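These are the structures, in structure tokens.
Shared between the two complexes below is subunit A, which has subunit B as its partner in the first and subunit C in the second.
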Partner chain A sequence: MLAALHRLPTWLRFALYASVGVLVLAIAESFESGGVGRLTADTASRAMLKWCIPILLAGLGGLFSERASIVNIGLEGMMILGTWFGAWAALEFSPWMGLVFGVLGGALGGLIHAVATVSFGVDHVISGVAINIMAPGVTTFLSSEVFGNRTQSPDVPGLGEVDVPVLAGGTFFGAETPDILGSIADQGVFFVSDLASFARGLVSGIAIFSLIALALVPLSGWFLWKTRAGLQLRSAGEYPLAGESLGVNVIRRMYLGVVVSGALAGLGGAFIAMELTGFYQNGQTGGRGFIGLAALIFGNWRPLGILAAAFLFGYPFGVSLRDLDGQSTHALLLVVSFCLAVVSLWAATARRLVDAVMALVFAVVMFAWYVQTDVAPDWLPNAMPYVIVLLVLVFAAQRLRAPAFDGQIYRRGAT
Partner chain B sequence: MNNRMRSASLALAAPLASLLLAFLLSALVLVLVGSNPLVAFGDMLEYGSRLEIVIDMLNRATPLYLSGIAAAIGFRMNLFNIGVEGQYQLAMFVAAVVGGALALPGFLHLLLILVVAMIVGGLWSGLAGLLKVTRGVNEVIGTIMLNFIAIGGIIAALIGRFRDGEISTNSGTKLIAESGWMPNLNGFVEAFTRDIKGRQLSGMLVVAVLVGIAYHLTINRSRFGFDLRASGLNPMAARSGGVPPKRMVVVAMVLSGAAAGLVGMVDLVSRYHRYDNNFSPGLGFAGIAVALLGRHHPVGVAFAALLFAFMDSSSSILQVTGSASPEIVIIMQGVILLTAVITYEYVNQIRQREETKMAALATAGGAA
Partner chain C sequence: MVLAIELIDITKRFPGVLANDRVNLRVELGEIHAIVGENGAGKSTLMKILYGMQPPDEGKMLVNGTEVDFKSPTEAIEAGIGMVHQHVMLADNLTVLENVILGSEPTKSFGRIDFESAAQHLREVSHAYGLDIEPNDLVETLEVGERQRVEIIKVLFRGAKILILDEPTAVLVPQEVEQLHHNLRELKAQGSTILVINHKLPEVLDIADTITVLRQGRTVGEVKASDVTAGDLAELMVGSELPSPETTESTVTDDVALSLRGVTVLNEEDRPVVDDVDLVIHRGEIVGIAGVEGNGQGELIGAIMGTEHVETGTLELMGQDITKWSVRQRREAGVGLVPQDRHEEGLLLTAPLWENAALGHQTQRPYAKGWWIDRAASRAHTQTIRKRFGVKTPNVDVAAHALSGGNQQKLIIGREMTADPKILVLAHPTRGIDVGAQASVWQKIRDARADGLATMLISADLEELIGLSDTILVMLRGKLVAKLDPANVTPRQLGSYMTGAAIETDGNGSADGGAE
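Right, the complex of A and B next:
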């Protein structure tokens, strides 16, 4: 059965996974008192889409860098630079310039990282940590000089949102179109309506900025796997000496990878300031650069994998943000418990007993917690996304393959 | 001998060069935003050399140094404990709760608080080490996630339960009885200088010095420290030498976390005596900077901690005189760190090249 699954086209397979996910969510929320239906509501999937974008962009940033052998812990710092420069330019000029300056700010951070690691051979993590420490200092200083407030900017305009015509009732050259998914969602049929409303959230009220970010997924795949420059960049990540011996300027490819990496992280930062919060704020990245790295690892250093991981990690953020009474997070406990039980079963069939027992214990604890309470405590929505990231890494981090030369320092002429 | 002198001067030249570069760069930034760097730096130097501000500086340098040592223990084994931030906040919270609930006679109470803090910090950090060796979770991402879980999850979950009921407006834990307060060092300082008005030099300074000595002895002078450094440099070689690299990872993380647990103690046992929103955040990340700048050397880290603490405590005058934004020191610290990291590596490479040359010369001489 698994083999048959793998014969399907990738997009269909991922759509199938997503439907199963929605089914699980629909079941979980049907147990919730009052059956609020917020886990599969279009607001939830819309929030998921929005909150996954910074993680996606950070993950893609990590992809470009690590495919060129340079580990980029500095993504968080580059993202922070993106939030400030994006917010500033959006205020000063226009939202589109905000996007451009976010990219430039992040790329500047990437350039510093490239100079330190590629040219001077500084340990990748050390340089990245240094950038993470420096970036908030730079933005705090700039913020207090320019905005006259060291922690926050005035409100920043975004790029606007669109509804897809026909599917979600968007306008088509000014003409009204039907809202097909919306009307199915209103029927209240179990699972079918859930699926429709979840899908509706993905095609209505989409930030234009999100569309640009999503377009970068196939674009990155195309660049890294279908172009000569991409192949050369990946050769730097696998076996730079081999590339060098064939006349590839490996150093230049590493620079390209790291600068693009910073640019993507900066774009993610600009997205946070312009679309998620609507202003620049100190510390608003909230570790998303690191979660992007987690998405990169869980996504097995591939664009589509990173997208799936970003959805997975972005979903709890999206749900928790608007979860004022703790009901959604409470239902999420059941979902996590169920997923862990599946992991446990799967590990048991593969005869990995330690994994199976560990996952089962976590599943039982989560389930007991779910049964014992009616709503999640107020702090859980804040911690839940990070717990999920850690759990995913704990149960998935072992069967993945990083680029062979990832994290090592290459010196031209040294063997 | 000549070589040693050269090597020592190279080692000193690197931090001095980065310091100079940082001054020049931040002066440039100040000129660009229309401030006079000479006036600003002059203000800082004048203000920072007052006795009261020197006390402030030492009180700031103490947790920075402890945090730096915590990071340095990890670095010596090629581990990146980015989670000092979460470790010290969690340790401080639990120590405050335990210290507030119990009242032991005299010195024991204080000791208990410090030990609890070290245990909590060590366990939380050890968890990241355990995840690394058993599940392959990279310690950088692991410790960062544990930071968010500790601060946003555990502390947020428990603070309500241990909130001091008597003072409803205060969101802190119960005040620790005076037996759990660290004596200050004012008497010692005042023997040499004048009265210190309104300031207390924390006795944690002595603890920090002891931790520094212990760090030096274990890492540089003991069999254990040798094993630790060896498995950091080359886990495979260490393993064939009988050192289990996985266990060393967990042990190093636990030790690093134990040192991290002490970071919040200046605030807890010398200043506020309870866990509330007044404590200083960000010491964990600053500690990483201090450890890198001081090259994980016990004395080097101390100088780095003093330097950063001087900048932090003397910059508040800029707000008063208006000669520049006080935030300029955060930029200076960042630039110092980044340039130091690069110049250290550069000097390192020069040294390696010279050593190779010397070795080549020596073997060529032997052959002839």
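Right, the complex of A and C next:
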């Protein structure tokens, strides 16, 4: 059956996984007393699509850096630079300039990281941590100098939003179109309406900025796997001496990877300031750079995997946003418990008994938590990405393949 | 006539070392020219200079009669020179094609790689020279010999007419060496000039037309292969006769030091990588394990040391069942290991020698006193090792990376042997060290054997294996498939057992028949 799945085109397979996910969510929510369909509501999926973008961009940033062998734990700091520079330029010039300056601010952070790690052979983690410490200091200073307020900027304009015509009732050259998904969602049929409503969230009220970010997923894949610079960059991450012995300028490729990495993180930062909150604020990245790294690992250092991880990690945020009473997040506990049970079963059939027992124990604990409480704490969505990655590392570590030279320090001519 | 390569008075200095001292080299067009010399004679440095990886301090280089001054390998490649490095320069997680085209990718618009035409060109090249390879295979799935073929294709793909091969046979079994030599002759017939670095003299005599001998950074002679014997070359190389690994009369006793019964180790896919191995090592005996790398030797060592999970079977050390023991328990009970990669597993390169000496024995005297490391005693003991094993170092507080490979190895061997082991596992004990250090390491192994030490020797150097061992076992796909008497087996026969050729033709495991 699995083999049959893998013969499907990628997009269809992913759509299938997503529908199964929606089914599980719909079932879980039906157990919740007074369940109001928040888990599968279009508001939830729309919020997910928005909240996943910074994680996605940070993850893609990590991809470029680590594929060139440089661990970039400084993504968080580069993102912070992106929030300030993005907000400032959007205020000063225009939202589009905000996007450009977010990229430049992050790229500056990337450049510092590249100089330290590639040229001077500083340990990658140390340099990254230094950038994470430095960036908030820089932005606080700039903020108080430019905005006259150490912690916050005035409101920042975004790039705007669009609805897709026909599917979600967007306008088509000024003409009204039907809202097909919306009308199916209103029928209230179990699962079908859930699916429609969930899908509607993905095609209505899309930030233009999000579309740009999503386009970067195939673009990254194309660049890394189909172009000359991409191949050379990946070879630097696997075995830099190979490139060096063939006359590839390995140092330049590593610089490219790390600077692009910073630029993507900065873009993510600009997104947070311009689209998520609508202003710059100290510490508003909230550790999304690190969650991006988690997405990178979960996605097995591949663009599509990172996208899937970003959706998965962004979803709890999306739900919790509208979930003031904590009930829907509570239902997520049941979903997690169920997923763990599936993992346990899968491990058991693969005769990995230790894994199976561990997963089962976790599943039971989650279930007990679900049964014993009525609402979930508000820190849960924030903690979930880390928990998921820990679980992935525990249960699927053998399937993960980091670039072979990742994290090592390269010295030219060190044969 | 115009020479393909002419090097005149090349000199290269490194801090404290004169690597090349007015070296001269003349390579004729279309010949196979070998450069021989001991480790440290300056062969590799000379080739790196020729390939543009390092600039010479003095001297002139001429390629096809024109003076050149390469700033990088790219310029050497443009001049038609290609290099096959001693350690294959391949990225495991990329395909053969990606590895081959790296750095000279044919592109379409927007920097897109033209994979179709690249694959086409690769197939043409590999077909023309009889080097078969599938372009879309991941390199990690290839065997050692195939990887080397990829390296050669890499060079030919760039249109190189002059090939430099740096110790290409170091990791090959005799049959693969023959295949390589066949390929090289084919290349020569098609007009390539080939420069081979090697210090295995019979192979050099087999393949080369002309031989240049280096000793301590100087050219000491250029001879025609047809005019010399291995003995002549050896004398030129070291200025005296080569040491040999031969042992004297048998010291094997009846006391069993280590015995393995039905030991099986599984890999991540649950396939046996050590498959039902029975093995007995007596005191005073050296048991040699022959095998192409990656046939389970590493896992067998892991099973003995306690780092691999033993699925079924038992291990006994001096009659005690140690199957369930931890690594530390085994270490303390006297299981010693000289690991195959001294930099990865044997040493902490940035730590001082005395700390390195304590590694693996950090719970025992003289290195430790209860919970604490006894620094004074550790230093004193390291001094003892330094004297007894001839480790050349100013003191025992220098970092391990400051020592040459040979001296690092002597330190590791000293560390293990002075800890009074019951069984010592030696993995490639003389790999990559020079002839002098090699002779000294062999002597220490012989001495320990005479003192009744039980030793397991794993080596890719078949001469060493045959010379030192009392018994040779051949490991193939995780099984011990043949037991041979080193007194009447040649490296060639051993090679055919290692590749499975001999076992398939005669299944009885006797040493008389190799598949020819």
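As a working rule, the second predicted complex is superposed on the first by the 393 of 415 C-alpha atoms of A that agree within 3 Å, B and C clash if a C-alpha of one lies under 4 Å from a C-alpha of the other, contacts with A are read in each partner's own complex, and residues count from 1 in each chain.
As a convention for this text, a contact is a pair of C-beta atoms (placed from the backbone, for glycine too) under 8 Å apart; a residue touches a chain by one contact, two chains touch by 3 or more.
The structure presented is a predicted model; accordingly, all values stated were derived computationally and were not measured.
Visitor: Based on the superposed arrangement, let me know which partner A:Tyr239 touches: subunit B (first), subunit C (second), both, or neither?
Guide: Second partner only.
Visitor: With both complexes superposed on chain A, which partner does A:Asn382 reach: first (subunit B), second (subunit C), both or neither?
Guide: Only subunit B is touched by A:Asn382; subunit C is not.
Visitor: Applying the document's definition of touch, where does A:Phe290 land relative to subunit B and subunit C: first, second, both, or neither?
Guide: first
Visitor: Residues of subunit A touched: more by subunit B or subunit C?
Guide: Touching more residues of subunit A than the other partner does is B.
Visitor: Examine A:Glu161 and indicate which partner it touches, taking first as subunit B and second as subunit C; both and neither are also allowed.
Guide: A:Glu161: touches no partner chain.
Visitor: In the superposed arrangement, does A:Phe120 touch subunit B (first), subunit C (second), both or neither?
Guide: first
Visitor: In the overlaid three-chain picture, which partner chain does A:Pro403 touch, first (subunit B) or second (subunit C), both, or neither?
Guide: A:Pro403 contacts subunit C only, not subunit B.
Visitor: Do any residues of subunit A touch both subunit B and subunit C, and if so, which are they?
Guide: 398
Visitor: Please output the residues of subunit C touching subunit A within their complex, sorted ascending.
Guide: Subunit C reaches subunit A through residues 48, 53-54, 72-75, 77, 83, 85, 87, 89-94, 98-99, 101-105, 107, 110-113, 154, 268, 270.
Visitor: What residues on subunit A touch subunit C, complex-wise?
Guide: Going through subunit A, the ones touching subunit C are 226-229, 231-232, 234-235, 238-239, 241-248, 351, 398, 401, 403-404, 413, 415.
Visitor: What residues on subunit A touch subunit B, complex-wise?
Guide: Residues of subunit A touching subunit B: 73, 112, 115-116, 120-123, 125-127, 129-138, 140-141, 144-145, 150, 286-287, 290, 293-294, 297, 377-380, 382-383, 386-387, 389-390, 393-395, 397-398.
Visitor: Contact residues on subunit B for subunit A in the complex?
Guide: On the subunit B side, the touching residues are 29, 33, 80, 82, 131, 135-138, 140-142, 144-149, 152-154, 156-157, 285-286, 288-289, 292, 325, 327-328, 330-331, 333-335, 337-338, 341-342, 345-346, 349.
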